[in-house]
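Notes follow once the structure below has been shown.
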Amino acid sequence: MTLLHPAAASAAAEDDAAIPLLSVDRLKAYYRLKLFGIDREVRAVDDVTFAIGRNEIYGLAGESSSGKSTLIKTIAGAIRPPLAVETGSVCFNFSDGTRDIYRLTPRELGEIRWKRLSYIMQGSMSVLNPVRRIRHSFTDFALPHVPEKGAAFAERIGRHLERLHLERSVLDAYPHELSGGMRQRVAIALATVCGPEFIIADEPTTALDVIVQKGVLAMLRGIQRELGSSVLFVTHDMAVHANLTDRLGIMYAGRLVEEGRTRDLFRQPLHPYTRHLISSLPQIGDDTPKKGLEGSPPNLAAPLSGCRFHPRCPLAIDICRREAPPMVAVAPGRRVACHVVTASPDAVAPAMEEVRP
Amino acid sequence: QVTVPGVPRSQTIILENPEGTIKNPGWFNIWTLNAGGQFTGLHQLALDTLWYIDPERGLDGPWENSLASEKPIYNSDFTEMTVKLKSDIYWSDGVAFTADDVVYTVESQIKNPGMRWSALLSLNVERVSAPDAHTVHFKLKKPNSRFHALFTVRFNAIWIMPKHVFEKAGDPLKFDFNPPVSLGAYKLHSFDPNGKWYIWQKRDDWQRTTLGRYGEPGPTYAAYVDPGPPDKRVIAQLNHNLDVVHDIAPEGMFTLTKQSDSLKTWFKNFPFAHPDPTLPSVIFNMQNPAFQNRDVRWALAMLIDIKAVSMAAYRGAATLSPIAIPPTGTHPEDYHVPLRDWLASFELDTGKRKIRPYDPTIGAQIADMLRPSMGDQIPTDPAEIDRAFGYGWWKADPQAAAELLQKAGFTKRGNSWYMPDGKPFSVKVMVEGETRPILTRAGTMIVQQWRQFGIDAKTEVAQGTMLDRRNTGDFEILISWSVETYGGHPDLSFFLDSWHSQFVAPAGKTQSPRNWQRWASPELDRIIEAVRRIDFDDPRTVELGREYVKLMVREMPIIPLMAYNVFTAMDETYWTGYPTAEDPYANPVPNWGNSRAMMVRLKPTGK
Amino acid sequence: MKPNLLDVDNVSKTFAGRGLFSRRMKRAVRNVSFSLDADRPEVFTIIGESGSGKSTLASMILNTARPTGGSIRFEGRDLAHIRSRRDRVAFMSRVQAIFQNPFDAFNPLKPVDRYLYTAAEVFSGCRTKEARETRVDDALHKVGLSLAEVSGRFPHEMSGGQLQRIAIARALVSSPSLIVADEPVSMIDASLRMTVINLFRMLRDDLGVSIIYITHDLATAYYISDRLIIMQTGEVVEAGDARQVLAAPRHPYSIRLREAVLSVDGAWRGTGLDAEAIQPSLR
Amino acid sequence: MNTLKVLRDLFYYNKEFATGLLLVLIVVAVAASSFFSPYPPLDVYVVPPDLPPSWQHPFGTTSRGQDVFWQLTFAIRNTLLFGIVVAVISRVISLCVGLVSGYRGGWVDRVLMSLNDTFVVIPLFPILVLFYFIMRDQMTWGLLALIVALLGWAYDARLIRSIAMSLRTREFTRQAVFSGMGTGRIVWQEHLPFVLPIVFSTTLNNINWSIGIEVTLSVLGFTDINTPTIGGMIYWANQHTALVSGIWWWVAFPIALVVLLFIGLFLLAISMNEYIDPRSRLSRLGGQA
Amino acid sequence: MKPYLTYLSKRLLQFAVVVFVGINIAYVVTHSTPINPVEQTISAATAYGSTSPEAIEMMRRSLSELYGLEGSPWQQYLSFWQRVLVGDFGPSLSAFPTPVSELILRALPWTVGLLLVSTLLTWFLGNLLGGLAGYYRENRVLRAFGVVTAGLHPVPYYVVAFVMLLAFGYLWPILPISGGASMAADRTDVVGFALDVVIHSILPVLSLMAAGIGGWFMGMRSLVSNIVTEDYVTYAELAGVRRGKILRHYVMRNAIGPQVTGLALQLGAIFNGAIITEQVFGYPGIGSLLISAVHAGDYSLVLGITTISILGVSTMVLLIDLLYPLIDPRVEAA
């Protein structure tokens, strides 16, 4: 097994932080369905190992239903049946100590939430209590975690909303009075206003038009830079990844298939799926015909043997059908799970050098 | 709990008013129709009229001259009646009672057709006058030998109005008479604005009332209350919060006999209840073709196993009567006992043979049946058994019934009986349900017996609609009573006069009381007319009454069952001296007007 | 002369204020006009700010909402005159819709094939089961699926892309001449997104279906559309040939929109987010 | 996914379902055993009265000389049937009105809701009692069930309508419209499953309510005494002052059986809710839409 | 504002239609009762005394006249509406000549007081416990409580009331079992009288609560168990919002809508009285008035009570419709 130890992975990262803020180790999270005549297991996260350093924006991309949200839920400790963690650990190394999120009592977990770790769920348009004014949601979520109280607190959230291009009057609105985009921004504001060390964001900008989206992303990055916190960011928009994230992980069928610095990944995608993902992206002014992936998406309830991408992979060779490729560091800070790529790492290395600034 | 400031429990008797909650509690003008309560103590304790007949023996014989000083005086053709009044009787406000009050009562009722006794009086009275302060003279429109009955309390009668109060009140129909000025020994103390209770207080001048001559009434206060559903009455009495329970189910009474050590009942032993001079019967709708044949009626009678009915209805505590006269008061001496031999020799022709259906031993049989479970609560003395369990009944004889039905042209196919026209013989028996639980039980049992014999019999509960359906003849068979008597007097005109065929309504039209069976019989008419011609106290009334009994036995237009037994339960914690079968000085049932007699015999226990 | 496929003529929509005591009137769409030629199938794109009235406009075109001003004619017939169920069925067999969110577009409690069969039955008059199956299978093949893959399956058993394609197949069953697609690709990954976009192109080019394509994604708009309008607060601020407008927008809002588009290449040039990140300090 | 398998799994994995099913089966078994009763249901004095529970008469005997157990078998059968008939009829009406009104909106909604409110406001008891007077002995339990059902749908229809109103705005409804489905199909095929959980719980309440009405009417004396029911048993017990007289078994066993039935139905309802509720089942497998 | 006014006027029209139709139905039904008030009156008056059929015929005629039962049905119907529109229900037939309104007014405060208190208490407690039980599903006490209420729920009210009565009136007689106030009550002593009324209402209120709490409990529980899976609840939990706060403002607040509607309807129906309670506990009130009116064929009184009840319920329905946006801001008034 050439599985990379998280420590090794972070050591491999060129960042200065010696201990990563988040380390996920051999995580398996399955949806267990054994009820009502159905008996199956959806292996939505199947053996994922990675780490996120301090002061870093880590992007996660991948096919729809490849397990991104599941991974994120597991990291955020938002496990509800039928989701269950099989094996593996999720460790946070906050400024006040290291915590394995599955070893914490609910009380301890409650203590780190929002103060250190905040989370924007997918579908963040519907996470607001429909019968509670936005102002009260802020009080509920943020008031216990910030030093300001009373008017100072109101001032703080007011200023924060303005950074998200929202008027302060939003505070007196009910969620349904806001457009989807405004609600998403409120959700982002809720998750960022306390200045947590780690922000998890699952497709937070789907309902925004490009102008607003850009502003919001800028704000997110601004906060992150200012506080030196870390962000785990999921989106389907590769352009967002390119502009926002420092490192990028690509998921396919419950597995991380490639990881590396965003720029490297775009310049030189190694995994065939990554390559496809990047090349299929149209750009304004670009007239070349683009194509989607042929073949059907993998079935996580009955995963294929070998590499899960092999039926759709143009490069598939024999071993791909038999053996699952391990995640291998092919260059410092660069990992990939592909038999073809690891078989000829030499072909990769020069390319990597080339993109170094 | 039932204590009012200044009304000590030890001086108060608490009685049940079966009227329940009074909708319009502040209304005491009893001369309008049902605008307020009547049995709230108002007619028992506060009002008075000329005469009383007690269904039992009475304080001083069943007949009592109340406001009148002597019996009614008729002229020879019964077109005039003169009444002599007592003097020294005063209203509670100190005004003397005089003949003017009686005259006013009669005249104002005649003047106002909406008043309770207006119709009765205007039909009868040509003119009323007061020759002097203590004499009233009635000139009648037509001969009426029973006119005095209107002023004679059996349950109630025309109460005398205080002229001096009503005169000033304006429209007597709109006047609430609150507080009532009373003529009786008690006056109103207070009442519940929600109609749940009334408290009456003994008048200081109780001597100046008609009750005064029997001595001072015991209770200083009398409360008439609505104690709620039967179980609650039992609880209330066990808690000594209700001295007299008007009526409960037999089981409630048995519970009381077991659990209360201060209980007093009419019969010391089983069946405990007081038999009212009222006769629950199986009443045929004689206008229904199915019941026009006497043999059919008799067949249905022969199918009744009265012991089972007695058990079902009263748990055996029924006082049976084979004849159409309730076995209570003085009636057994006048009718039941003398007619025994006649009954024993009575023969019925079934078409195949002659049978003697009367069984005088039924009462004893029931006593024997109950003895194992009730032990020494069951009397052993034959006379006592007769008084308690009645005077025999008809033998259940399905064989005879079958023969009678066949004689009437009915046929039996398989297990079912068919009428002469080929239709199945089906009968619906109407009962009143919850309102009269005992009769409902009896009806259900009778239906069961008929059903088992192959008749398609069903019970119909007509709770709430019973009155209307009875009046309009909208029933096949009814368990109810059409016979009600004085109890303390052999005269039967109280109910019988209305049985004359002149009053029978055509089918579909409203029948006036009390001939619910709508039976028109020339023979009966002859008896009724004979009664009309003789005086109330004429010994011939008994003769005519016996003739009536025999006619009824032959014809069976109603199947008499038993007396309406009222389970009045009396608690001796605070009071003693209640009327009982041993000392039957009054009817204990507390909503009867003559229950006022109790007051003068009750003695405090000192608790 | 043959009437236009669609005439949107000076259409406005005003919503009454929400809530009990609200006096606000919301003018969601203001005087929008455009038309689609019957003979020249095209992809007509609507872009705009969130809340600028795109969906409202779409539902008016689909005749599920009535304009408060102006009129919409489909093949010369005013939509306001479509009332009876027969007319509506006839209309829907010509104009179809693809909805924004594939995950909510199918009843989660029911197999997805029902929609296809019903559409075949109602719009194409397929009486027999066989006829319906053929029809549905044809439509599914056009989107790269087959009846065998779809029949009897529940929405949760399908991927977002599959659902999206089923929705399109469902719209195709009735052989419409116009499809209104409201943000059909916002929730799916880039690869699937291209599958869907290419499908639109195929529909236009091979089947002659006109498509009204509503999106936030300027890149795909550029990639596929023929004409385009840009909306802001209910008004059309710029309209014209898609490539021209996107290449050289003129209205200030369009320009800002164009500039705000993030691109992969731009990222390396540093024109990304940092320029905007100058914000008041948080601590 | 066949029904049997679903049931099997419900039984194995859902303790509540298993208990509920067991309880309901017990009650059904009691009801079914009425067909083997040694005594005709209406006959009285077939056994010695007032016997406490014993081996011979497991639930004792009544003051009317009936065996409580066998009487109960008839009573629970009729009462159950009564409750079910009421529930089914009123459910159908409330579903139709609620779903159609919520989905169609506009004047249809206004007309239906006017009708609905009219039924909401009509006071039940005087109407029922007056029906009793008018219908007389035609007032069998069947007819009573019909009337109670007709008077018992309105509130639930409002509830269902409010759910249907939000379903109308869901995207899949528009999908259905554009698939050419008419009101009927949309309402019955698309929206019905969503209201089923609430329908289950209202059904339970409705059965309970209707049995309560039957009992109340009986207590007030409006009862068809030719059909034994639970209400009828209480009626007779009441007439015989059974509670005060210490014949508690006459009341206790019928009540106990009804309670068992309800706990059973309650458990079934919550487990079925879980099965149908898309959020506790698998429907959200596709994503968090 | 205008659309709201349009909505309001449409809704008011609907209200008027409902009230009109409702009262008409009540009119038709009450007037088709086979019980003839005249016969009832006569029977009650003559049941025990001497009667002569001729006299009864006379009484019949004069009573019909007195009760205003002469005239064609149409005339009677019109005069009914004429009176109702000025709020007069005429004289009661079974307590003639007392006006119906007087009878109702006398009974109303008791019924309203009893039912208002018990309904509100029951609603509050049932919902509170139901909410707790739905949210803290693992809690043993609440679970046991759930089974107890589910078991108590179907026990017929009559039996519940009676058991209470036996328990506290007989076996352990610590509470008054009858009436709305004790006979001793001095109604001029406001405080003492109020206390007395409260003590007398304990058993009726308790029994009403015991019988009614299960419905609210189970309703709230199931509403809550649906809501706890909503995203906004999950999210608030993930954000570490205090559980008490989540329960109150996120869970119960969102579930309360249907329960408020239910409460409103129940409050509207107060005017029907609590027939069995009044019977068992001898509590004064409108229920027994209604039943006795029905029995007496007193359709003036029945109609008076039903009209008030119809007005009560439909007003509450109207209010709920108009005010619902305050309960659930998502609902548009129009």
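Labels for the chains are A, B, C, D and E, by order of writing; each one numbers its residues from 1.
Please note the rule applied: a residue touches a chain if its C-beta (ideal position, glycine included) is under 8 Å from a C-beta of that chain, and two chains touch if they have at least 3 such contacts.
No experiment lies behind these values; they were computed from the predicted model shown.
Engineer: Treat touching chains as neighbours and tell me the shortest step distance from chain B to chain C.
Structural biologist: So the least number of steps between the two chains is 2.
Engineer: Hop across touching chains from chain D and tell me the fewest hops that reach chain E.
Structural biologist: Each step joins two touching chains, and the minimum needed here is 1.
Engineer: Centre-to-centre on C-alpha atoms, which chain is most distant from chain B?
Structural biologist: A
Engineer: Select, from B-E and B-D, the pair of chains that is joined by more C-beta pairs in contact.
Structural biologist: Of B-E and B-D, it is B-E that has more C-beta pairs in contact.
Engineer: How far is the middle of chain A from the middle of chain B, if each middle is the mean of its Cα atoms, in Å?
Structural biologist: A distance of 93 Å separates the two centres.
Engineer: Need the CA-centroid distance for the pair chain A / chain D, whole Å please.
Structural biologist: One centre to the other, that is 50 Å.
Engineer: Between chain A and chain C, what is the gap in Å from one C-alpha centre to the other?
Structural biologist: 29
Engineer: What's the distance between the Cα centroids of chain A and chain E, rounded to whole Å?
Structural biologist: 57
Engineer: In chain B, what residues contact two or more other chains?
Structural biologist: Expected reply: 229, 231, 235, 464-465.
Engineer: When you check chain C against every other chain, which residues touch at least two of them?
Structural biologist: 18-19, 160
Engineer: Note the residues in chain A that touch 2 or more other chains, in rising order.
Structural biologist: Answer for chain A, listing residues that touch two or more other chains: 64-65, 121, 123, 176-177.
Engineer: Taking the complex as given, what residues does chain A use to touch chain C?
Structural biologist: It is residues 61-65, 159-160, 163, 176-177, 179-182, 195, 206-215, 217-219, 221-223, 225-227, 236-240, 242-244, 262-263, 266, 276-278, 280-286, 289-293, 296-297 of chain A that touch chain C.
Engineer: Which part of chain E faces chain A closely enough to touch in the complex?
Structural biologist: Checking each residue of chain E against chain A gives 231-232, 234-236, 238-242, 245, 249-250, 253-254, 327-330.
Engineer: In the complex of these two chains, what residues of chain B are touching chain D?
Structural biologist: 229-231, 234-235, 248-249, 251-252, 254-255, 308, 311-312, 315, 428, 433-435, 437, 440-441, 444-445, 448, 451-452, 458-465
Engineer: Can you name the residues of chain D that touch chain C in the complex?
Structural biologist: Going by the criterion above, the answer is residues 170-172, 174-182, 185, 189-190, 193-194, 276, 278, 282-289.
Engineer: Quick one: which bits of chain A touch chain E in the complex? Just the residue numbers, please.
Structural biologist: These residues of chain A touch chain E: 76-78, 80, 109-111, 113-115, 118-119, 121, 123, 126-132, 136, 140-141, 144, 174, 176-177, 190.
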